[in-house]
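Just below is one structure, and these are the notes that go with it.
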Amino acid sequence: MFFASDNWAGAADEIAASLQRHSEGFSPAYGASELDRQLEQRFNDLFEREVAVFFVGTGTAANSLALSAVNRPGGFVLCHREAHLIEDECGAPEFFTSGARLAPIDGPLGKIDPAALRRGLERFDPEFVHHGQPMAVSMTQATEVGTVYSNEEVRAIAEHTHAFGLPLHMDGARFANAMVRLGSTPAEMTWKSGVDVLSFGATKNGCWCAEALVFFDPARAKQLPFIRKRAAQLFSKTRFIAAQFHAYLDDDLWIRLARHANAMADRLADGLANSQHVSIAWPCQSNELFVTMPKAAAERLKDQGARFYPWPVPEEFESKLEPGQGLYRLVTSFATTTDHVDQFVALVG
Amino acid sequence: MFFASDNWAGAADEIAASLQRHSEGFSPAYGASELDRQLEQRFNDLFEREVAVFFVGTGTAANSLALSAVNRPGGFVLCHREAHLIEDECGAPEFFTSGARLAPIDGPLGKIDPAALRRGLERFDPEFVHHGQPMAVSMTQATEVGTVYSNEEVRAIAEHTHAFGLPLHMDGARFANAMVRLGSTPAEMTWKSGVDVLSFGATKNGCWCAEALVFFDPARAKQLPFIRKRAAQLFSKTRFIAAQFHAYLDDDLWIRLARHANAMADRLADGLANSQHVSIAWPCQSNELFVTMPKAAAERLKDQGARFYPWPVPEEFESKLEPGQGLYRLVTSFATTTDHVDQFVALVG
Amino acid sequence: MFFASDNWAGAADEIAASLQRHSEGFSPAYGASELDRQLEQRFNDLFEREVAVFFVGTGTAANSLALSAVNRPGGFVLCHREAHLIEDECGAPEFFTSGARLAPIDGPLGKIDPAALRRGLERFDPEFVHHGQPMAVSMTQATEVGTVYSNEEVRAIAEHTHAFGLPLHMDGARFANAMVRLGSTPAEMTWKSGVDVLSFGATKNGCWCAEALVFFDPARAKQLPFIRKRAAQLFSKTRFIAAQFHAYLDDDLWIRLARHANAMADRLADGLANSQHVSIAWPCQSNELFVTMPKAAAERLKDQGARFYPWPVPEEFESKLEPGQGLYRLVTSFATTTDHVDQFVALVG
Amino acid sequence: MFFASDNWAGAADEIAASLQRHSEGFSPAYGASELDRQLEQRFNDLFEREVAVFFVGTGTAANSLALSAVNRPGGFVLCHREAHLIEDECGAPEFFTSGARLAPIDGPLGKIDPAALRRGLERFDPEFVHHGQPMAVSMTQATEVGTVYSNEEVRAIAEHTHAFGLPLHMDGARFANAMVRLGSTPAEMTWKSGVDVLSFGATKNGCWCAEALVFFDPARAKQLPFIRKRAAQLFSKTRFIAAQFHAYLDDDLWIRLARHANAMADRLADGLANSQHVSIAWPCQSNELFVTMPKAAAERLKDQGARFYPWPVPEEFESKLEPGQGLYRLVTSFATTTDHVDQFVALVG
């Protein structure tokens, strides 16, 4: 009963098989192999336009290098106050930008409120050097609390962002989970809705270590080869990332994996819907379900072998939480089985 | 006939098999799994003392984070003028240290000359702030030109380094190749000879992507967990690095792989020893052989399918090179076959 | 009627005279002159203990270098949400620390609330690398909104700070104004109350450009000579800063200048106390008076030659502001005359 | 007999008087005063075109911010191996650029050899990310060893620089000394000869602390207001820099001061020309004279009150130095008197 994180899973069989298959033979290093080139081409097809794509090892790297590419002195990146960038990257975005600041924007259910974003952008006076200047907006799809922006919502954020001459970055660590929920296409979810730079994550959805940084305007990425190498993110045997991504995209594996993860989260939500001991905090839209329960109950579940983490209570949710209760995150993945889900539901009662 | 780089090989069978084996199931992320813990323990055994070890994705990351850990404002890192740090990392060491400088030290055959190092260290006057201050010495074992320091030579460098109160870093991207040549132990080659921090590379010797940063005095590594995370080098599914390293160390696989690579380089050297068209530039001590030949001959070999790179001519070697001749590097690896070697030797004639 | 900023004033006569006096002759550069040495000694006397003191050109430099000296990877500096560090330094603290983050702490009237500080410190789990780690607390004395911490209040903040093993920095851009209000000594206001590092500002209080960075534990400042030089803050003709500081400290000039500035603010407060058009927002404790008035009235005053700035409304004050009203800052300085004050009071009516 | 450095002098009388004159009254801070605006206009006139000019506190700041403005990831700045940037700024250029590297270029008498520069630029292959990329060339006028580039020599360097698409920076810490020697105009010496960015120093030539960073293409300076503020180089009372610069430019004061300094160096050279104890190392072209003498003689001169520094022996000069001899730098300034010079000459004998 492992619901702690989609990072607790290993790799999908097809990914492992691809790595095995490509471990033989010789080919150019540092991104120059045929396999690397073919993969770059596949990203053009995937997004229905010519993109500039760069493969890196971690989601934190993808996010940080995206911001490096659009960096400005005294720059602010506006993002949701619960964004991974802010909460979970130990200052990497700040470090790789030599000190850009992350400005937290409010909004319910992990989503940036467009009006709050507008206010956040308006507080900068281009003539007033002391405050610094905005340099980008970053949004997370799916969000950190399992919700999903509609494409209309993305467009609303993009409009404000572009009105201030800024690029819009999307942290897509769980892009696939959002996509299968929306029933949209990669192109619609991104550049057709105004996204300029995407961190396209594959690790959480069945790879070992495979993240892609995608620029929809290749001109913006001119310095990226140097930025990536300087960031120690140009792997020598890039084949091993390419081998993962090829298998990931072959035969829509990535979509099948994400569908399964989401289905497991839905099954969990269905199973817990009528529980007397656990309440669903807000609707599950991807592969993360948030529930409230008495802290003692959570401890008991852990003692019985369930693995999951407590979650910091969002400000707007505080009033809904009764004393003695906690908020908890349950994450499913490609590797979650119906057995695990049903066992957990039964245990909760 | 692939002699371009040991990075052109993929992964050894045992490494691929280990990745497959560990792709099932669930375990804690971000270095907290049982597999991660066991691996840390194995490094203590490997080096015969308690060490602090951190796994990262690239050799550039290992080197750069090693220097971050010992960083000082206005700091200089003294290293050989042909060091990988200087020639091939696109400013990563400077970037991760927010601007430390790499001071090139001379020495024949890719090795730091101890007297030159001493002069390099003596030029800093601790009271003279304008010049900056030395912060570390970094040496490469095996060197960039395939030579190997004896343990006595390491000790001579360590003595000068420590006399100035500085730590000694060893870039061990080809540590295994040096070790099997020396017939020494990991402990003897490092801390017993005065090395304080080691970049222990496994990628070039049969892994996909597995590098370890080893501190022989764990107290020096206190900030490393934060330094690594901030550098986007803490992988979520750390199991995949651990799985590689476990297989690498099991049953002395790493030693067998390095022995094979070195043997292939020796076979190449033997085969070319009497060639009329190619001369061995200096003795091969690891898995890299450097040869001179007419540039036209090199072109012809490439046309016939051989893959290898030209190499910048070291200053002290310039006078030995006849007009029209070039210097070339031939690298072998765990994946090199005797057939490839013999075919190449025959081709050279 | 210049109440825009104490930075709108020039230099006190004694400062200008000292610069003139010391412009003759020759003496060692880069902080090595007799005048520099004597000044360092005066700081020991001023603070009643041996300190390490470094002279720099701007308050932003003093603050940023203070934080550089105590920097940690993934570090957070906790400070009041309206701190100059956060609001007015264009990312300099983040830049000089290569990406430390400024964590805003709440508290009424510009002062850090100790309980809020405690909560802010407690949210870091030393084992949880993803969040980063706290590295310092910074407080401002006098605050950005003209209030002054009592020494007891400083001690309360210092206690929490030290309980987490962190240093306490004080931004003393208006240290003198706070001191004459408190009737305390430099030692009592700082290290005797738990302050570890002080930015001791003299520019706003009558100098042209003279800021001192004071470490009460000289051991903490060992790298500062290099940090300062690397930050381009080691002036060649350091005499010109020393000449200002000597005059500043001679015959208690600095105290007389601050007393005058504060007296002018008090006179302004007294004069406006019974105004029907202007309300004093909160008690004036240094040389800054904050008032509310109709925005139209403010415009009128400006048309009549008064110079002052609007001020962002603190969250806790929002409800007190009637529609159409604005919050304004009136700053006095050593150069403010009673005529200016009286003229302004008369104009307000 | 002070010949240690032009930084040992204080401020010219006219500079001190201007500071006194402008210390009264109120005016906007942070570069917004009328005096600041007028000064910006004067720089347009001085350089006979519209420039973007930024005032900072130190030469190191001017140089470092110039490079920040043209920064690129993995960037190299090519400059003479004895450049101030390399030898005397404690890593500031590297720090402010987050790790750019300074690549030393050879050339006799402190001047970049154009052919060596060309070779230095050619070694970068734009496709080979590992080496990094060139980002700028920086030259020093007058050089660190007192020589002066002719405008033709500047053009030769500019041609190579521009052929690689790079900007040319001129470190003009002693710009005035070079100018009066060349008998050229500011425009001819800079943009008309291909210089793109200039550090225009005034401190060494009679100011306390006044350096200007001049961009001949204002478009290149768009981010400079933020770069300067983030670097802690935007002074609050900018009037004090402006007051210095206005006096500096009034009635050609700066030219008169530089002429005097150079004349004193010439007088020194004339006086020492026939000395039996001292030899002139190379012709004096600005306000720095380099001489060789027995180390014992230098000690004796110091005992008798002369102040000057030894200088590291340039490689190409090593063979000219007899055993027991040292190389010494004698610097004159606006404050040097004929008495001092004659006294020193007499003492040398």
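Chains here go by letter, A, B, C and D, matching the order in which they are written, and residues are numbered from 1 within each.
To be clear about the criterion, a residue touches a chain if its C-beta (ideal position, glycine included) is under 8 Å from a C-beta of that chain, and two chains touch if they have at least 3 such contacts.
These numbers were taken from a predicted model, which means no experiment stands behind them.
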Review point. How many steps does it take, at the fewest, to get from chain B to chain C if each step moves to a chain that touches the one before?
Key: 1
Point to revise | Counterpart interface for B-C, drawn from C-D, A-B or A-D and sharing over half of its contact pairs | key: A-D
Point to revise | Chain located farthest away, centre of chain B as origin (C-alpha) | key: C
Practice item. Return the distance between the CA-based centres of chain A and chain B, expressed in whole Å. Key: 34
Check your understanding: Using CA atom averages as chain centres, what separation in Å is found between chain A and chain C?
Key -> 41
Point to revise | Separation of chain A from chain D, taking each centre as the mean of its C-alpha atoms, in whole Å | key: 50
Review point. In chain D, what residues contact two or more other chains?
Key: 30, 73-74, 89-91, 95-96, 98-99, 129-130, 132, 226, 229-230, 234
Check your understanding: Where on chain B does chain A make contact in their complex?
Key -> 2, 4-5, 7-13, 15-17, 19-20, 22-30, 56-61, 64, 89-92, 95-96, 98, 203-204, 208-209, 226, 229-237, 239-240, 307, 335
Study note, to complete from the structure: Per the touch rule above, chain D residues touching chain B in the complex are 73-75, 87-91, 94-102, 129-132
Check your understanding: What residues of chain D sit close enough to touch chain A in their complex?
Key -> 30, 68, 72-74, 98-99, 129-130, 132-133, 223, 225-227, 229-230, 234
